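Consider the two complexes below, in which chain A is the common component and chain B and chain C are the respective partners.
For the complex of A and B:
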């Protein structure tokens, strides 16, 4: 029967290790080093994120008029924001947008990630790069390119349709504008979401494939029933990002404004509305309040999603 | 403001340079009927500055500013006359309702979708830059008039040299701004290199500026048209203290007109209401 008490030398070594932590001033210095490492980021975070938020919060409880200057108005701007039809029209539009665009985009991203991961494609890195490339294109440039492609008189799609004697759809009309923008956003971000899911898939143990094959599962069954549930947290990450990004959509509508101002007008999305209020209407205070209400909407949607999915997880245990 | 028209299209369809808005309307309706792919011109439903210039020419005076007292009359009788006129042309599809200053619109001008562009003094040089293929086919003419034989023009926007409240040396900055626009060499550079139509009379009247020709306009002395036009501008027009807001609201309203959901007259009434309530919320004392 072997003794479970460690030999004497080990015990003394262990007590030495315990006292290896520095004492007194050296301990404080030692404990402080991590903070030094994160200090640059904390400074940046404070100056460029926290301070502007505090400033905007301050702005939102005042009102500056062209005639009469600055005055404290308490929660007046917020009351007005809650009753502002333009703002809620934008939010409603983004919810409709999100309900259709996000599942399609993430579905495609997941499909591409699974196919790439399965290793059945040759030139894998070429496809990986190809899917990701649209994300590397600045969204303003992307919107400009697509704006040209969508051109109702001289755009390539229209010219192709005319050549083939098809009726030319007006991508920039009231009916199709949301879908046209959804197309641009999907083109831009599918690759980005795919990479997140692909990285998660790549980190799964390779034995899964073998174990699944031994049990008689086909490739797509392994993918759907084993791998997808295992990268659940990565998928949730992409959904949260998409919710946040969708509600704050700005770049694409802003660029579309130049070619279809009668459709976009000044309040197509909540962020565009906040921008117009600030920089055209010079109503900076109200714009700040609108921005905070939008932030609250984003928080509500994100938190609701997390609650729903967490409850699902608990139940499945 | 003035007309820049396509001589080749005018010749092909036997059009005369319209002297009155009535003639313009008749020719516009006939032109589109002869060729449905062609419009007399575009009514840019996003361009508050363009539309304001036309209101100006008709005698509308939308704003009167006196310190914090503001009179708003964007839907006065003259404005309504302009609105009804263009609504008739829009309904008859005699004019297009596409937004301006984008690639589609540049192509349309270049490829002859529009027979003319109701433009301004900075237009000739601008057009020559964006419509290279149609070089030589363009000519300039004065605006059509509301009454036969009248000589009324207007401005489309404009440029200013402004000194801001935050300036550390406002007196010197103002003196510089005055010098910038009065000194003959400076004025010449502003005209030649920045394509700003001269405000200095000695430059306007110089034979070098007056007799300048360009092959883009078939050798026509285009500047003479706009010099004449600038003399016909009524200086009693005033801008609002928040013209950016007015233009954005105009885009909203004119956009609805382009879609056919409201008439131009209704758009003017909506504009009036929106501007009055905005001005009040900004602390102005509003009349009208």
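For the complex of A and C:
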């Protein structure tokens, strides 16, 4: 085998250092091995992630003309994107969406995770599983089912309202559509976020509860002041994922588009707009530029959040 | 006596807290189950009954089997093709993606090498990239490689799962003691042998976790197959159902496609929920990320 036994004095030095140094810090035994191990992933990463990005960057500075083929246009597509009212309308809509939906969803997820973790509950595994179940449902199917539930023709909410002589709510109207989509997203992802937080809570030492109790702290005080700060990197992760997911929203509005095309229209979300530009209008170049501006918007929002919370857990991991 | 009294009040209080908490969570549980319950109820109804009966309860007639039969035979049995496609794309992608992520995550966790921090930051940063920023150039690239509209157009990009690398790195860092690897090295085992014989066993719960994530992610993926597959014979369940949905909506909302979509949706989520329930006992061990509890 290619492995080499490290000299004895080396090893003793290492084990000494290991207790003081953070875990994972280790001496390189074979310089090549780690590269061989990450090679398959990095190769795929390069071909199917980096290469398309570079290609898109290239696309975004060209324009396809009817006469003369591709022409280099520099930043023209970006200038156009920055002044594109359709695009910014979508971004604004998603920001409004995120301001309401993300705190509600993550707040519930955190509360449920704390309750589940505290053990002051019956049927714990039923809840854990039941809450997570919607995440297993494809977002297309989730949007379809909720679309039927909302539906004005045979949706049960409409039926109930008619039965009780209430005014029938039109969930698919211009006014309520955003909230209706927010509900679908909340339904899909609350349990998923809860599980991430719950897993972090479960990895905290059990002595925390006892120590807190000895100090006279109530269960909810231990949860709020001791446990929540200790799982902040998990919470941080869920916020970042939610910001990214919100700005990129596509599947749910796209399914709703088929049901209520007058309300959704083709630029309801920035991603839907980029999709329409590319695959309906064949404007690949401009669509690539839009995607990059959207990427920049995502980075700006994520980074602002990182700066606001004043820590870079994601990077330091 | 006093201590006994205090104990009973404490346990009574605990029971009350438990009752209130359980009741609160129960409300959310109903919310979580409601759409699935509606789906099950609706799949037992005929098209006419969907419109004429209350949506959240069963009717005396039972049309589930005729609906299922209709789903499987509609348009020459295209739904079965979609189901098969989804299973085949998903299994290949999920297993491949998990393996790539595991070996890379293990390497990021357990070796120090030049460029480690940079490469890992790159992998992690890629999670932030909008789907469209990738999907459109991916489509154009794949069409240059003559792969568009083939199963590979969906499978190959699905093998990249950066979030899986992140999870496996965290899991490997926490679950594999350096001492164990060192001991194996002292015994003369090579790095590949150590990975396959020692590390992979310890990583098994993490492997299952990432496998489950990758499985759910690929099975439920809509955007990528929507873009890279244009032949309905190659569609996945999600793209196929969306196709039926747009056909039904375009047909003025009164078409007999509704039972098809509802029953098709139900059949489409059965495998993923089954996989989920089957794997969850491994997965619960995995998601605590090697906590020693």
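Just so we're on the same page, the second predicted complex is superposed on the first by the 277 of 317 C-alpha atoms of A that agree within 3 Å, B and C clash if a C-alpha of one lies under 4 Å from a C-alpha of the other, contacts with A are read in each partner's own complex, and residues count from 1 in each chain.
We take it that a contact is a pair of C-beta atoms (placed from the backbone, for glycine too) under 8 Å apart; a residue touches a chain by one contact, two chains touch by 3 or more.
Fair warning: this is a prediction, and the values are worked out from it, not measured in the lab.
Participant: Touching A:38, do we find chain B (first), chain C (second), both, or neither?
Facilitator: Once the two structures are laid over each other on A, A:38 reaches chain C alone.
Participant: So in the superposed three-chain picture, is A:53 touching just chain B, just chain C, both, or none of them (first/second/both/neither)?
Facilitator: A:53: touches chain C, not chain B.
Participant: Which of the two partners, first being chain B and second being chain C, lies in contact with A:122: first, second, both, or neither?
Facilitator: In the superposed model, A:122 contacts chain C only, not chain B.
Participant: More residues of chain A are touched by which partner: chain B or chain C?
Facilitator: Chain A has more residues touched by C than by the other partner.
Participant: So, A:266: does it touch chain B (first), chain C (second), both, or neither?
Facilitator: First partner only, chain B.
Participant: Using the touch definition from the top, say if A:138 reaches chain B (first), chain C (second), both or neither.
Facilitator: second
Participant: According to the stated criteria, A:258 is in contact with first (chain B), second (chain C), both, or neither; which is it?
Facilitator: In the superposed model, A:258 contacts both chain B and chain C.
Participant: If we overlay the two complexes on their shared chain A, which of chain B and chain C does A:308 touch? Say first, second, both or neither.
Facilitator: In the superposed model, A:308 contacts neither chain B nor chain C.
Participant: Considering only touches as defined above, state whether A:154 meets chain B (first), chain C (second), both or neither.
Facilitator: Both partners.
Participant: Need the overlap of the two footprints on chain A, from chain B and from chain C, as residue ranges.
Facilitator: 148, 153-155, 258-259
Participant: Applying the document's contact rule, which stretches of chain A touch chain C when the two form their complex?
Facilitator: For chain A paired with chain C, touching residues are 1-3, 5-6, 11, 14-15, 18, 23-31, 33-35, 37-38, 40-42, 44-45, 48-49, 51-53, 55-56, 59, 108, 112, 115-116, 118, 120-123, 126-131, 133-142, 144-149, 153-156, 159, 187, 190-191, 195, 198-199, 202-203, 206, 219, 240-241, 244, 247-248, 250-251, 254-255, 258-259, 271, 274-275, 278-279, 284, 287-288, 290-292, 294-295, 298-299, 302, 314-315, 317.
Participant: Show me the residue ranges of chain C that touch chain A in the complex, using the header's touch definition.
Facilitator: 14, 17-18, 21-22, 24-25, 28-29, 31-36, 38-39, 42, 50-51, 54-56, 100-101, 103-104, 106-113, 116, 119, 121-124, 126-134, 136-141, 156-157, 159-160, 162, 165-166, 169-170, 173, 178-179, 182, 185-186, 188-191, 193, 195, 216, 219-220, 222-223, 227, 237-239, 241-242, 245-246, 249-250, 253, 258, 261-262, 265, 268-269, 272-273, 276-277, 280, 284, 287-291, 293
Participant: Would you tell me which residues of chain A are touching chain B in their complex?
Facilitator: 65-68, 148, 151-155, 174, 258-263, 265-266, 276, 280-282
Participant: Which stretch or stretches of chain B touch chain A in the complex?
Facilitator: 45-46, 68, 98-99, 101-104, 107-108, 111, 113, 241-242, 244-245, 248, 251-252, 254-256, 258-259, 278, 281-284
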